[in-house]
Structure formats: structure tokens, C-alpha cells
Amino acid sequence: MFFHEPELQYEVTVENPDPHFAKLLQQAIGGQEGEMRVALQYMFQAWALPEEYEAFRNLLMETATEELGHIEMLASAVTKNLRGSPRQMDEDVEETAATAAAMTGQNPRQFLSAGQSAMPVDSNGVPFTGGYVAASGNLAGDLYANVMAEATGRTLATRLYEYTDDPGMKDMLSYLIARDTMHQNQWLEAIEALDDPVPVPASFPQEEENQEFNYTFMSTRREQQPDPGAPWTQGDSPDSKGEFSYLPEQPGDGEVVAPEPDPNTYNDPNESNDPTQGQ
Amino acid sequence: MFFHEPELQYEVTVENPDPHFAKLLQQAIGGQEGEMRVALQYMFQAWALPEEYEAFRNLLMETATEELGHIEMLASAVTKNLRGSPRQMDEDVEETAATAAAMTGQNPRQFLSAGQSAMPVDSNGVPFTGGYVAASGNLAGDLYANVMAEATGRTLATRLYEYTDDPGMKDMLSYLIARDTMHQNQWLEAIEALDDPVPVPASFPQEEENQEFNYTFMSTRREQQPDPGAPWTQGDSPDSKGEFSYLPEQPGDGEVVAPEPDPNTYNDPNESNDPTQGQ
Amino acid sequence: MFFHEPELQYEVTVENPDPHFAKLLQQAIGGQEGEMRVALQYMFQAWALPEEYEAFRNLLMETATEELGHIEMLASAVTKNLRGSPRQMDEDVEETAATAAAMTGQNPRQFLSAGQSAMPVDSNGVPFTGGYVAASGNLAGDLYANVMAEATGRTLATRLYEYTDDPGMKDMLSYLIARDTMHQNQWLEAIEALDDPVPVPASFPQEEENQEFNYTFMSTRREQQPDPGAPWTQGDSPDSKGEFSYLPEQPGDGEVVAPEPDPNTYNDPNESNDPTQGQ
Amino acid sequence: MFFHEPELQYEVTVENPDPHFAKLLQQAIGGQEGEMRVALQYMFQAWALPEEYEAFRNLLMETATEELGHIEMLASAVTKNLRGSPRQMDEDVEETAATAAAMTGQNPRQFLSAGQSAMPVDSNGVPFTGGYVAASGNLAGDLYANVMAEATGRTLATRLYEYTDDPGMKDMLSYLIARDTMHQNQWLEAIEALDDPVPVPASFPQEEENQEFNYTFMSTRREQQPDPGAPWTQGDSPDSKGEFSYLPEQPGDGEVVAPEPDPNTYNDPNESNDPTQGQ
Amino acid sequence: MFFHEPELQYEVTVENPDPHFAKLLQQAIGGQEGEMRVALQYMFQAWALPEEYEAFRNLLMETATEELGHIEMLASAVTKNLRGSPRQMDEDVEETAATAAAMTGQNPRQFLSAGQSAMPVDSNGVPFTGGYVAASGNLAGDLYANVMAEATGRTLATRLYEYTDDPGMKDMLSYLIARDTMHQNQWLEAIEALDDPVPVPASFPQEEENQEFNYTFMSTRREQQPDPGAPWTQGDSPDSKGEFSYLPEQPGDGEVVAPEPDPNTYNDPNESNDPTQGQ
Amino acid sequence: MFFHEPELQYEVTVENPDPHFAKLLQQAIGGQEGEMRVALQYMFQAWALPEEYEAFRNLLMETATEELGHIEMLASAVTKNLRGSPRQMDEDVEETAATAAAMTGQNPRQFLSAGQSAMPVDSNGVPFTGGYVAASGNLAGDLYANVMAEATGRTLATRLYEYTDDPGMKDMLSYLIARDTMHQNQWLEAIEALDDPVPVPASFPQEEENQEFNYTFMSTRREQQPDPGAPWTQGDSPDSKGEFSYLPEQPGDGEVVAPEPDPNTYNDPNESNDPTQGQ
């Protein structure tokens, strides 16, 4: 059950509204690396956990709730950058064409569809999709997904930080970057709190996997190459359950020849003989 | 530059063709956790790396190339499960309705669109999308994305393993699970080969992030809670750059009040007074 | 800023877990008529409103927050229907094929991708998309969008109600249907609180629209028809700003002939003469 | 059954071709608020209606057919804005880079994919999706969806009207805005022609919905608030079937704790104890 | 400008309503090979053609208009298969669970979202997308796209024909298959009416393409293979502008090494030395 | 089974890096007409072919493999255009806003999401989708799909060729255009190697299709028109199996009246009488 207060989690100010930056900020709202993704991802992961994972469930739900507040902060930032700007829609008649030109370089839907507001889309105007959300039911896999989400999210935020000089925007991003630092660390810490989770899913009986190829680096180079002596071709594996080795060649066995389809598929193009044989 | 041989990377046989299993296998081809995702993800990551990352670039491209062969194996498995089955499309006239019923529970497009063949879609028939691919340009973030991809991929493969008794299918999946074990380990090893990569991106000057909230667990509970004493609320952080602390309350500052939009947006619903005040 | 308590908004129980119903419930989570849509829609609408709309902004945000709790209830309902069911994945070896068959008729990704959990997708497994969210910046248009969202949402809930006998599920749906009744009514009431909002956007100077066709029903029948005497072809219009009339024929003026494209488009298929003239 | 004449429904002229405006116009063709949406929406709604709804079916189909003609007008407008413009692709060698730069701010696919033509996409180049279409089978819900579609459609058209000075484009948009005025009014009138349609679906026996929460505004504020005395917290409801009341607190009952999943999901991350307890 | 008559283009009857077949029919409405695709594709192609292509423009628009009528026929067929069926939603209380199970194997959204009606989606419930539409501006390319669309469309219709015994459905499909025969032939005939259209776009000055590799079959086999003597490795090319030859090896030149990115991308994972060299 | 060498198929150089051109090039990677589409299309087609089609299967797989190398070339071209450019992200503080403005006209995700790298998206940033891939199981239909894919692909490449003066880019595109010439020709040649493949699917017994409408051009004009005497209204059809004729009128038969839905759909908007009759 959720609650809301009409207060931002952290102050959002914009000194020099910039509609271009408003377009870029959309990536942090509805993009692959954005806050809608993490908010939903952490929720769905939490809702899958049974009783004994209470500490993890709380960790996930509390963080999901925080991320909802980040969407709100970013939506506020977008609106403030779009409205009140000297570069906003110009009412001067002879500049209508120039205004239209400017708007196509910005996100036109922020104007046309949303009346100078934030939207659940990314910086190219592509709508957010549930396909970004990773929630596998397996806590270890989910925590790695969360490390990755915060890593790409923090990378996005640092890049946005470089594209603005606005003190308010820099301050907001400095806060969001800090939260991503915390979240990366908390997910890594949570992985450490698990007992021997790799290879995920660790509960699968590993003796049922093929024992010949499970710790072998398999080269796919056209010409066979000698073992490069990389950390992933020799030495102990990070899961401490095997030793890396090097195989210069894929095993290879059997062609891809499809069985005959049912005649009712009408796959047959009528009749065709081997065109490489004299006909 | 790629090359191909008309030989499978590993043998694929099906003793008892099962069109239902053919539907499930699609998840491993075109699904969020599937092989199309990893093949493309590793390629695009590799193509972003400059000169000094040659060892990582080779690691990524060789693995991407291997994954292309996994798509091929799974496509072969799908076709073999769809064709030659006693449950395939029945030509017997009086059973047409039953056949149609059976097919709707399967993936109808494997029949209607593809003539009993594999497709670039997932187990619900949703097309593969480039939105699944994570390639951030930052190698550390990408490697975490790869650990996650192999973790969810291996989890998927183990679940598929439980849904078949076919010895050929079990053998193929046992091979794919083994490869996922290797790949999880190699990406973890590659992360270890990086020097101090967390928090990603480590090249961002961390002193520019907000120093008050970067190692603090921030509770979003409605009622303030005491510090749970979890590993993520106290002690050293995994990146060794901070110490966890606990904050029972979000900072909070300022309302979300959007600035006035340009009148040309016609956002104004005409006129509205505060409906909670006597009008 | 959001808060959360680890308590459901309303009790969710399942007496007879039914994985089929778990598939149907997904429509109410991530579908076009689902709770993710309304939660996000109300938020983005609220965030676009300037100062003088405080009462509406609060109305929208409070309702958005409630809808987040509905997603949580439904996710709980899905998990409870998927797990602990006699029809769940069967470990009995000789029934593996039957289990696979059963699962393809259900949502296979609830098992394969989510380990028997809820997902941000609809009842066909199609991911939620931000394209479902309507937030135009114009409050009147948005309120009509909300009436429509609650109308289709309530219709969905009543249909789900018919597909279950489970007392717990019926009780939960009875609650959700009641909330949709309230929400439909509150949005209609909010429209009434606006002053003369139709035609949306009412702030556009209506004298600039074409005055000949703005209250005329224009027949597109092939054969001209007499005025049917419908309420929309005669009498006063609901916005009280015009009178309906009937036009048996579209105005019609000018052909669709595209100008010559730039030669650099290479649109020219080489050369083509009019094939209906002797060549 | 449809017919066509090679004549536009209303004249479309462009005096000063503007490729930027051609990008903006795409929103009215293939966007969420565009003509493809309404044309298809009205058709699918009509096709769902049984015999006794003949007057509504005709209303829907005639309007759908009109909207097809609007797509045609807009496609013509796009082509005329893209071709013959002084800003079109420049053949002068030294300006190729500048032309490429100009085109990226426009919709590059109008050039690259369509040879300076209209496309079934929105103003960001996102393809039209059937997910925009609302057709619930319930006429009342559908009519509200249509009011909303025409409200957002008219809002879009008025915004486009502000972005052009071209007399031809202004005239075309003045016509489209007028038609949206008519269509908003006709759908509202059609709702009035229904007998007591709210809450949609009105045919559901309302006594089966929860009677405690169906006319109650439920506050989700963190801190309990007094009744704001808004029209939606007191007084009669618009459907005349209840009286609004105010509840300062969500009911709340039971935690989200997922049941144990089947072991074959391999959800178990191996073993994890409560990390908040000394281990 | 379009017109409509409330009459089907060809009679649609269903003797034995079958909700499963209703799911399959959706592929012919909103699927990749369906009628929405061709109707829109032919329209957008026609709207791109300048004056001298009047005969082709009429051909395209008349066929597009016919396809609109096919959508209508198929929507009628879907509704008739969903409603009035003995397998439709059963009101008998104790069979609710069985009905829910049946519906998940069908398309649940035809019930839940559309009240037993047709939808703009495919046979897996995936919404129609504008991404299926091919309209390049180049008439020759478009006509090949149309041959392809009718070829895959006719293949789909023949497969549907095999899945039903219903005399009405067989008759409708026999009609649609016949129309696809005509349309395939008319597009091929239209290609023949063009003067030397291959290679598309023929208006590009072919001397500007690389002259070494434009008629050469380039083998990508790992091991060099002798010329297979296939029609595409020797003899005249179909465009009569070259002679096929065989090259056993890709040219190959230069590595994929990305230039150094801007430091502000924070691509640097901090510091990494070559892990294959002793560190 | 695939192999890779760290060498490009053909040299890729960029003299004057241009981030705008990098955006346009994305269309050739992840767009509807791009290389990801053809690479995957040819693979899935090949994997569907049974034993006797070995020559075609090899043709398809060898070409698919070549196309993978084209994606690699284009990804390299994108990176080289994005990095090292004078127009790249500017570190000069006072120009941050201008840099942000420039980037919004470019593809912001190439910077924000990918750190100046190529992505699996099109020139508008829309992700690649498996919905672009056509693989019907019927070889003849597939080969026509391939002609069309290479026709639109070559058209795209010629348009890109016009937007750059860079000698390296022109050379790369000249190579890709040449390969498209070859591929168009090889697919046309492969169609010729089939025996009588039209109408696709030729294996369907043509006597089962409606014999009245299978070679008739059916006019959909509102007013009946005389036979235009076009090649597609008279004379032999290209498949040599019929003779074209002309029908000035669609057959027409029966209205679209949906059967009564199940009451449990709650389709009934409550009660509605015919609003055109006095009530």
C-alpha cells in the first residue's frame, strides 16, 4: 500500500529553462536506463518473494518507493525546462516557421501531445515498455539485474550532468548520482549476503549440466588460436566450482536440416530441383 | 567479418516431437532472456571498445559468435519439435476443429506465419526487440549486464529442462546450461580484471556527487522505522569507498507545481476555480 | 514523494489457486485497461498542472497512489494463483509433456521468465507500454481520458469477476469494481467542476475553426441518404454552442497528387509510361 | 464495403513547403492522438454491435469513413511540405553535411525510408500501434473513449495550428478542428441517447460490488487529512446512485507475501538467511 | 475521399461458431501478413506518387479500398465465431474454472478487452504496428513489396483454410485466396509495365557502385569452397546488366577498433590493463 | 555454426566525422530496411528448409553471414562518425547548452545510452523489432520477400550516399550498394530456378479458390468506371493460369451485424432504444 505527500523527495530548481535538456531528461524517466524501469523492476521482484526473504523484500520495496519519487523529480525538472523558457514557443507571427524548426529538434510530443510536460517515453520519444523490466523470481539473478540497472542508470545520470550548466539541474543530478552509488552498493552487498549464489540459479543440480563444456572458453575464431592466457581461459573460476580451460574449436555436430513439414503448410514452392545440378 | 559452416555447434535431436515444447523454446530464441539478445548485446558492446581493450573486445566477439550458433541450435530444435509430431496438424477431416483448438494453445504463428518453423519471437509470440540489448559504452556496466543476461538465461534454460523428458532436448539444454555457467563465470572474471570499477562509471569524479546521500539507506516507510541493522545500513560498502548509514526519512523539499504553460498549448480547460472553495 | 507500508490496501486471498486465472489477471496489471496505465496516467497528468489547479492535482495524485496499491493487490493475486496449485508444474516424470502442454495454454512467461510470478504484461504476455498513457496537458481532455480509463477498467474487472468462483478472488474484484465506480464518478464530477470545457480545448478561439462544418453531420455513404433525424443531426449540440445539421455529401476538393520528389530520393523506378495508353 | 474517389475530402494546399512542419504533422497521422487511431477505433467498435444498435453502428461507420479521408488529407499535406521546398535536400556538394544535419532534426525516415512521403508513424517516428485503439464491446465505454479521442485530437490540431503561418495549412487545420468539434459533440450526444449508462458497464448488477467503498474518496496521503470538502468528497454522485463520502485512510489488510514457488522454478538463490539477524 | 455502404464485400457465414478459429483469424486482420498491413501499405504508396503515375496510383488506391472491406469481412467472421458458440463463456457456476482454462488457450483479450469482438491484433494478441508497412517512395520497390505481401497473405489464408471445416468459413477463405491470386498477378503485371526497374532503384547511376563486387557471389564459408555452379554464381544476371561470378573469400580489410570516446561519456571503466599480459 | 575474424569485410574509413550522419546510418543497422533485418531473415528462412533444398539453404545462410559483416561495418562507421569530431561533446563550459541543443537534433541515445556508439535502433531511435523479419516457410514467398528487402535496402543506401561527401563513407556505401545489386539479382535468379511458383503458395490446389474472382480486377470507385484497358484488366496473367478481366463493382452481400454477445461480457450499455425513432 502506497502513500504520497505533495512534496518532492529533493529540491528541483531550474535557473535557465532549456527545452533541449528537457528532451534529454526523458531518457532518465521512460528510457531503458530510467527510473520507471527500476521502480517497477524492484516492485515486481519484491512481490515474488516468499516469507523467509522478508529483509530482501523490504529492501526492494523501500527502494522501489524511492524511485517513484525520482520519476516525480524528473517530471518536475522536465516541466520547468519546457515552460518559461525564452526559447519556448514563440508567438511572434513571422517566427512561426523557425519555432516549428526548433521544435522538431526537440521532442515534438512534449509540446504536441503533452502541452509542455513530461511523458512516459525516452529521449527519442519511444514509449516506455514493460520489456525493460527484469524480474526472474530468482533473487540472485534479480540482484545482478539491479546492479546492472543502477550501473547503466548512474552512467546515464553522469552524462546528463555533463550536458547542463544549470546549477539547479547539476544539483539534482548530483543527488541522483549519489543515490545510484548507494543503490549499486546495496545490491552488491545483498548479493554478498547470499550463500554461494553463482552460477545462477545455484539451486539447479550442477551435475546435470554438461561437464565437458561448463568451464571451457570456446574459441569461435576462424583460424585456430593458441590459448591467450587470459584470466578466463585458465585458473580458478569465480564461483570456485571449476577451473577454466581453453578449447580452440567449437565441438560441431550435425547439420541444420529441417524435417519435412506437413503438406498443409503449403511450404512447397511447387517443385524445385537442385539448381546446381544440370536439369 | 563472419563465417559459417553448415554444421551445428552441438548435436540437436528430438525423439518425441512436441509442438508445445516448441512454443516454450521460443523464449530462448527471441525472448528477453534469449540468445538473440546476448548475441547482439556482446557484438554491440565489442564494437564500442577502443584499441587498448583488445582482450575484452575479442572475449566479447568470440562469445557473441558462439551465441549465434545457439540461436541456430534452438531454431533446429523448434523445427524438429513442430514437424513429424503425432500431434501436428491433422488431415483427418472431422478433427479440424480439434486441431484448431490445439493450435491456439500452441503458438499459432509458428504454423500460420512460419509453416512450422522457428521465429524471432518469444514464447508468447511477442517479437524480439532491440530494447532488450544493453550496451552502454562503459565496459564495467556492460559486464554486469552480461552477468545478469547469463544469469537469467541460465535460469530460463533450467526451467525449460524441467519441462521436457525428451533425451535429445535434455542433452541440448544440458549443454546450453553448461555454456551459461561458463559465460557467467567469464564475465565475473572479466569484472575482476578491471581495476576498481564500482560505482560504475568509476571515471566520474565521485566528489561531484552529493556527499550526504551516497552511502545512506533511505527508508521510505510511512512510519519511521529503527535501523534494521542490515548489511546495507551499516558497515563498509562493497566499493570500499564509503560506509553505510541509515536515514529513517526522505529529505523532502518543495512541491511539484508546474510553471504556467505557454497559452498556445491550449492547456487551459477554459476556466476553473478551486472546486473546494465556495464558488 | 511516495511512501509504502508492507500491508495490502485490501485483503487478497485465494482458496483454489488457478494458473489460468493468473493469466487473465495480467490484463488488469499490464494491459491497455489495467492499473499500471491509470497509475501512471494520473501521475503524469498531475505533474503537468500549475499552481491554481491544486485541488485537481491532489485529486489526481491521491488516486494515482491508490492505483499503485491495486497493482500490488493484483500481483499478489497472480502469485497466489500460480503457486500451490494442484495444476502447477508437476514433478512426476511421465507427465512432463502434459505439463508443458498445460503451460502453453497458460502464460508461459509467468513460469519461464518469472518463476510463477506476476509480470508487467497483459493477458497475452504483451509488455505494458507507455503508449497507453494519455496526459495531454489539458485538464478537460485528461478528465475525459480518465472517465474512459475507469469505464474500460471496470468493464474488464466485471468480466474477470465472471471467470472465477473463488470467493477470495470474487471479493477482491468486488472491491476493485467498487473503486472503479467511485473513480468514474469522481472524474465526471471533476468535469462538472470545470466551467464550460467543451469542445476541448475550450481555450482555443472557436471563431478560428471552419464555421461551415463544425456542427454538421457529414454522411460518407456511397448513396446519398436523407437526414436520419438522429439527435446528432438536428437540435442543439451538447456544448450549447451550435446546432446540429445534416450534410449528405462530403465537400470534396482536389486530388491527391504528390509533387515531384527530389531526384536524389531515387524514387523514379527508372521510366514508366502510362500503361493504360498504347505504348 | 468501402469505396473511394480520387478527390480529397477538403482542399489541401501549401504555399511555403516546410519539412519541419511535415514532421509535426505525422503526429496527426500515426500518433496516439491521430487519425489512424480514430478511423480504426470507430470501425472496430461498429463491427461489435448487434442488430438493435443500428443507428449507433451507422454513426460509427460513417465517422470512421470520414476519418480515413482525413488520413489522406494529412498525407497529402506531408508530401507537399516535404517536396519542392527550398530547404529540401540540397545537391550542392559543399553543403551535403549541412543537409544531413538539417535532416536529422527533421524526421530522417521521411527521406530515407519513404522518399519524402508520409508514413504511418508519429512525430518522433514511432510506428502506429493497434494498442492505441479502444473498442471494449460496451457502447457506453466506447463513446467515452471517442469523446476523449476527439478531445485529444482537437487539442493536437490546435497546437499544430499555432506552429504554421502557411495559409493553406491553417485552412486545412481550421477544417479538421471544426470536424473535431462536431465529433466531440456527436459522441456526447450519443451518450445522452443512452439510458443511464454510468457506472460503465451499467448492466453489471451493482449490488455485487463492494458497498462500503463504491462512493468514497479514499485519501492516500501519508498524514491523515480532513475532508477537503471537494465536490468529489461530498454530495450526490453524477450517476445519481450514491453519495460521496470521505475516508482519510486506506483500509489496509494483509501483507504481500508470496507463497512458496515450485522448486522446479529454481527461484531459490541457493540459501539465504535473514541478513538482519546475526548469522 | 472514402465512402462506405453497410454491406459486406462478400458474404460471411459461420455454421459452427468456433472461438479457437476466431483467434487464428486475428492473424489475417492485424498480423504481419494481414489485411490492415496491405490496406495501409497500398494507401501510403499511392499518396507518394506524382502526376505521371496516375494509372498506378489508381491501381493502388482501388486495391487499398478493397482491402479495407476484407478487414470488415474478417471482423465479422471473428464476431460470429466468438458469439453464440456452445464453447462460449459458460454461465454454469461449477464450470467457471473450466471456462477460464478454455479462454486462456483462446485469445483472452477478445473476451476481456473486446467483449467477444475482433481486435487490431494478431493471432498471439500482439497489436498491429505501422512497422509492417513498406512504402519506399520508389514504385518498383513498392511493387515487389506488394507481391511479397500478397504471397505471404495468400499463404496465411491457405493455412487458415486447412484449419476449418465450417462451410461458411471455407467459402469466405476461398474468396480471399482468389483475391490474393489476382493481387499477386496484378502487382507482377505492374512490374512488367515498368521499363527496366532492376536493380531497384534503377535511377541511381550504376557506375557509382563498386564495380568489383556487384555481380559476384561471395562465399562466407569457413573453408574455401569451389564454385557450386549455381545459377547465381555464373551466367547472365536477371537484370541483364552483369554476369555472375564466384568469389570464395570475403575481401576483408581493417579491424573494428573504435576511436577513443569523449572523456565525458565516462566510458572508461576506471582503468584496465590488458588482462592477458602479466600485470 | 559461426566463426569470426577480427577484420572488417571491407574497409571503413571516415575523414570528417559527422555525428549527424551517424544518426542517419542507424537506419541501415536497425531500421526496417536495415542489415539486422536481412541477416536474421535469411537465417530463419534457411533453418526452415528440409533436405532437398540444400542449394537454397546454403545460398541463404552464406548471404545471412555476409550481412552480419555489414552490421559490423556500419557499427564501425557510426562510431567513427561520433567520436573525434569537432562537433562532438564540447567540454567548454559556456557552450554546454549549445552542445545539448546539438545533441537533441542528433540521436541523443547514441550519447546518453551508448557513449558515442552504434545501437540496434533505427534513425529515429526506434528499436529493431523481430516484426520486420519475414520467413514464411514457403521458399517462393520468402524469395520475393528477399527481393523486396534488397530493393528497399539498396534504395536506403543510395539515399545515404547522397547525404555524405566523406570519401570513406562514399566508398563504403558504394560497396554496400554493389552488394545489394548482387543480392537482388541472386534472389530473382533463385525465383527463376523454381518451377512455376506463382501464385504463391503454388502447392495449394488452385481449383479450391473461388473461380469467379481470381483473375478479375474489381473496381472500388464510388461511380462505376469503364475498363481502363490496363495490363491488369485484360490479357494473360503473369502466372499464365488465367486471363485478366474487369469488374466495375464489388460483389456485395450481407450486412455486418454482430450476433448477440454473451450477457456476461456486460457489453450492454444498459438500455438504449433507437435514437432515430421517437422515444
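To keep things simple, chains are lettered A, B, C, D, E and F as they appear, and every chain counts its residues starting from 1.
To be clear about the criterion, a residue touches a chain if its C-beta (ideal position, glycine included) is under 8 Å from a C-beta of that chain, and two chains touch if they have at least 3 such contacts.
Since we're looking at a predicted model, the values are computed, not measured.
Chemist: Shared touching chains for chain C and chain D?
Modeler: A, B, E, F
Chemist: Tell me which chains count as touching both chain D and chain F.
Modeler: Expected: A, B, C, E.
Chemist: Any chance you could check whether E-F or B-F wins on number of contacting C-beta pairs?
Modeler: When the contacts at E-F and B-F are counted, E-F has more.
Chemist: Report, in whole Å, the distance between the mean C-alpha point of chain A and the mean C-alpha point of chain C.
Modeler: Centre separation, chain A to chain C: 26 Å.
Chemist: Measuring from the mean C-alpha position of chain A to the mean C-alpha position of chain F, what distance in angstrom results?
Modeler: 27
Chemist: Scan chain A for residues touching two or more other chains and write them down.
Modeler: Within chain A, residues 1-9, 32-33, 47-48, 55, 57-58, 62, 65-66, 69, 72, 75-76, 79, 89, 105, 107, 111, 113, 115-117, 121, 124-127, 129, 131, 136-138, 140-141, 152, 155, 158-159, 162, 190, 193, 200-201, 204, 220-222, 228, 230-231, 250, 252, 256, 258-261, 263-267, 275-276 contact more than one other chain.
Chemist: List the residues on chain B that touch chain E in their complex, please.
Modeler: 1-5, 46-57, 89, 93-94, 96-97, 99-101, 103-105, 107-109, 111-113, 115, 121, 124-127, 137-141, 143, 190, 193-197, 200-204
Chemist: Looking at the complex, which residues from chain B come into contact with chain D?
Modeler: Contacts found on chain B: 155, 158-159, 162, 222, 228-231, 264-266, 275-276.
Chemist: Can you list the residues on chain E that touch chain D in the complex?
Modeler: Per the stated touch rule, the residues are 1-9, 30, 36, 40, 43-44, 47-48, 57-58, 61-62, 64-66, 68-69, 71-72, 75-76, 79, 113-121, 127-131, 133, 135-138.
Chemist: Note which residues of chain C are touching chain D in the complex, please.
Modeler: Touching chain D: residues 3, 5-13, 32-33, 55, 58-59, 62-63, 65-66, 69, 72, 75-76, 79-80, 82-84, 88-89, 91, 111, 115-117, 126, 129, 131-132, 134, 136-138, 140-141, 144-145, 147-148, 150-152, 154-155, 158, 161, 171, 174-175, 177-182, 184-186, 188-190, 192-193, 198-201, 204, 206, 208-222, 228, 230-232, 237-239, 242, 244, 250-256, 258-262, 264-267 of chain C.
Chemist: Over in the complex, which chain A residues touch chain F? Could you list them?
Modeler: Of all residues in chain A, those touching chain F are 16, 18, 20-21, 23-24, 27, 31-33, 105-107, 122-126, 152, 155-156, 159-160, 162-165, 220-223, 250, 252, 256-261, 263, 265-276.
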